[in-house]
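Single-structure report; data block below.
For clarity, chains are labelled A, B and C in written order, and residue numbers in each chain start from 1.
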Amino acid sequence: MPAPASVGMERLCRNEDRGAIVQILFNGLCNGALIALLAMAFVVVYLPTKVFYIALAGIYVLAAYLTKQLMAWGLPWPVAVVGALAAGIGVSLLCDLLNHRPLERKRSSMGAHMISSLGSYMILVQVVALVWGNDPQVLKTGIGGVLRAGGLVMAHSQIAALLVSLLLVAVFFSWLKCSDLGLRFRGLADNPVEMELLGYDTDNLRTLAFGISGFLGSAAGILNAYDLGFDPNIGMSAVMLAIVATIIGGRGTFIGPVIGGLLLGIVRSQVVWHASARWQDAITFFILAVFLLCRPNGIVGGERRLEANE
Amino acid sequence: MQTNDREVVLEAEGLAKSFGGNAVLTDVNFKLHRGEVVLLQGANGSGKTTLLNILTGNLKPDGGTMRKSATLGRTWQDVRLFASQTLSDNIATATPKQPGENPLKALFLAWKARREERRNAAEVADILAKMGLADRSAVFGSNAKIAEAKFVAMVRAIRVGAKVLFLDEPLAGLDHAETETVLTTLRALVKKYGLTLVVIEHALNIPKILQIATTVWTLKDGKLSVGTADTADEAAGGELRTWLKSLAAGGALIETGLPGGAHLTIATRQADAQPVLAVTNYKVNRGARPVIAEPISFALKEGDIAILEAPNGWGKSTLLESIAGLVPAVAGKVELQGEDVTALPVWKRARKGLRLNRAAGTLFTQATVQENARLNHVTEPILPALSSRKAGSLSGGESRRLSFEAVLNNPEAKILMLDEPFQALDITESARVRRSLSNSQKTILVTVPRGRYI
Amino acid sequence: MNYVFHLLIYFGVYAILAMGLNLVVGYCGLLTLAHAGYFAVGAYAYALGTLAWGMDSISALLLAFAAGGVLSLLTSLPTWRLKGDYFVMASMAVQVLIYSAAYNWVNSEAPLGSLSNLTNGPFGIAGVSRPVIFGCKLTSLGAMAAYSLIVAAICMGVCHLLQTAPWGRTLKCMRDDELATKNLGKNVQLLKVQSLSVACALAAVAGAIYASYTSYIDPSLASMDQSILLLSMIFVGGMGNLKGPLAGAAILLLIPEVLRFMNIPDAVAAEIRVMLYGLMLVLIVRFKPEGVAGDYKVN
């Protein structure tokens, strides 16, 4: 699963002698921002519900295809984006309603939820492949504009990815900290049984989690599609990167995955620069292995607990 | 009973263990001699289970050493039979050094492995027959009755070849007849296999264990001392009863005995009060295991304060959790203000005013104290000095205080169920809790363990 | 008739895969996303053995078996420290690692099978020939089918012996309650290593049979999608006994046939098949967690 556009990125970078370090850092930051956004979408469901939301990969891809389709039907791009985001939220809510609510009622295990989500992912991706085919697509026509500042080359799509991601992250966190609903959401992530005992409608809070996740995941999918292009199968690798970012950053908090995502993006760009794009994934999962063994609670999570007892 | 002070089968020096800054064991030293039957006693939270986990290798101590010269075995408080295996397979699995356990031997020496397995099964059948369980040998672990499950668990541990057995509350949840059988069996097993026993038990069952115990160890303040047993202090129960009597309108208490050795005492505070919580013919299981096996019924009127005292293992927490909706009932119904809520999910029952305050894990550890109060709909400040501290960083005492104040001051909570609110409190704090409860006009149900509270 | 043989060959391959995965997921309770990786390991080992290293079919088959068994340590060693969803993620890492190795270990200037060009990368390996057993080359489909089914039967026999032995019983106990099993003095870590060894070795054998039939293999054999398909095969068929995995393999095989019968055009058949699988997964987990023919519920 090499990323095709990284080769272009390589060429772009090697042509700049001075400021190459800054360029690589910038590229890494932009890639990292997208990983962080998707990681946040993943953890928004994982923390309160402990569900491994693999179907997010399907929503990630669906949003890109819908945006392109809506634009092909003549809608201006802001409308198309809003339409795709709405659809992403809708599909996510459906997943909650059909997959996870009934399993939660039966108090099923994490494995059951994950397998169910896997099934939904398979359905979503095949639907996309059936309707739109398997060929790679792009959202932007041509190479797209760039902004130059000093020696730094910034593609418009990169800037969009960075700014929008950071904006969404900031909005989400201020909502978490400052609003009543955000507090209840944090409560659900912290102690779901107690939330039930206190009379909060936890079913609705969980649905809210899926809705937010659908929104963030669709946004990440559209931004990525705008920057690098898409095909029906990119969702799985994107979500895997998001999961790695979540573990590296710390899966017990909302901020951990964001930090993990940014770091991962920077590291991966360094690998592309110093070695080659082929080794990105191997290095990524090597880092994952190291963290799983030595610091499973991630950067933010603190020291490893002694003895995992029942 | 004879104490064979021959060899030392297990000894420990300076064992210590802390959990998150809370020192549970500080300096535990002992020498266990072959043939002893030790009663290990101590208040709730004194570290008995922690010590047991350290000695059986499930937990690493922070300091200290231990030395053993025999195989150790243990039984669990919640029995833990293998649910998918029959009773005879539960015991057969325990046999050590079976050739069939080595996959290569199972494949290439299949004849030999199967012959050994047949021999194993025959021995197990023999053991079960001697215990009178021959006809139950094909019952799956998940369907076993509690007494026979405890027998099988003990035999399973012995079958491993353990000469030192740690029994974690072996008598919990048994009725009188079953207790007698277990004690007789234990006596016979000790004699037959030359076992050394360390038994953890709670106050109510201590006199029974004393029938077979040779030594008594007491865990207090993180240290272990050898001495005499504390029998259940029935007189202490009087203090709570006196307090209740003082609250009751007319000074009369309603006392009901419940199956399994539990006792419910209700003080009605309001004249002409209406029933707000009614539990009728109620039975509860945890999974497949019956917890409240005989139907229970009781009713609380508005403003009542009630105390449910029951031995450990009776199912106080399970009952409260079930009334709150966390554990489904096998039979019976729950009515809140006359309305049948048995089919309602947890949060809907809570919206009708029912509140359960569990014994532990009630706080939102990542949120501040103030945010915890907000989530509990409490508007007045609780523990104002700590208001912006994260709840997870509070000490044990502060946490319990926060939890208690939150549930008491929650304006939406009309019927409170408090699970062991007096646990690990000293005299001043207990008095404070009693005062707060007296001042509250809500309907309150409190659980306490039988025989040991201030 | 040829077509029936074709189906039987695939049935043998899938059955072996399902039996191995049954051991890991149904008996050990470990959810793994790396199983397709070992299928690929076996396919590549067999292909390299016969094409680049001059081995005969049986030795190459044994090489595949050994490669799967040894590389299973990649998946079994993490179980020492990791449980539950952490382990799932570790298995994802192993899958990506194997796929990366298959995709990237290529050097167009070096010969196939040398140290710098072990897998020929995305170009794959073509021209894997049919097995030669006791001097006869299995050119006919009938002979291949017999070969596939016989190997599958042997694997089934092995699994049956292991599962009905005390070893299998201890595995089930470990799945029910790992701590209690540990306290009976059983080495649970060794048990996991052993069962993963067997399962991955079996997957590799399946890969070797597959390679010798289809004659062309490439890294897509080790993709995440394949691992997911394998997992869904045993969830739909059922786990924890002998017939569940077989039912799963049969269903995986028969669905495309049913689709063809319903005149669904081949162009969309592949997508519809995977979609049906996804739908079955969702429904099975919700309504019949023990699968079509299994014993064990993931709960």
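Assume a contact is a pair of C-beta atoms (placed from the backbone, for glycine too) under 8 Å apart; a residue touches a chain by one contact, two chains touch by 3 or more.
Everything quoted here is computed from the prediction, not taken from an experiment.
Novice: Where the centre means the average of the CA atoms, what chain is farthest from chain C?
Specialist: Looking at centroid distances, B is the chain farthest away.
Novice: Which two chains have the most contacts between them?
Specialist: So the pair of chains linked by the most contacts is A-C.
Novice: Just the number, please: Cα centre separation of chain B and chain C in whole Å.
Specialist: For chain B versus chain C, the centre distance works out to 45 Å.
Novice: When the centre of a chain is set as the mean of its C-alpha atoms, what distance in Å lies between chain A and chain C?
Specialist: 30
Novice: Listing for chain C: what residues touch at least two other chains?
Specialist: In chain C, the residues touching two or more other chains are 179.
Novice: Show the residues in chain A shared as contacts by 2 or more other chains, in ascending order.
Specialist: Residues 309.
Novice: Could you say which residues in chain B touch two or more other chains, in rising order?
Specialist: As it turns out, chain B has residues touching two or more other chains at 58.
Novice: Tell me, which parts of chain A touch chain C in their complex?
Specialist: 1-2, 52, 98-99, 102-103, 108-112, 114-116, 118-123, 125-127, 129-130, 233, 236-237, 240, 243-244, 247, 278-279, 281-282, 284-286, 288-289, 292-293, 296, 308-310
Novice: Once bound in the complex, which stretches of chain C touch chain A?
Specialist: 31, 78, 81-86, 88-90, 92-93, 96-97, 99-101, 103-104, 179, 224-225, 228, 231-232, 235, 268, 271-272, 274-275, 277-282, 285-286, 289, 298-299
Novice: Contact residues on chain C for chain B in the complex?
Specialist: 158, 161-162, 165-167, 169-170, 172-173, 175-177, 179-186, 194, 198, 296
Novice: Would you tell me which residues of chain A are touching chain B in their complex?
Specialist: 180, 183-184, 186-187, 189-191, 193-202, 253, 306-307, 309
Novice: Under the definition above, what is the set of chain B residues touching chain A in their complex?
Specialist: On the chain B side, the touching residues are 53, 58-60, 324-326, 345-347, 350-351, 355-356, 358, 361-367, 371, 374-377, 410, 412.
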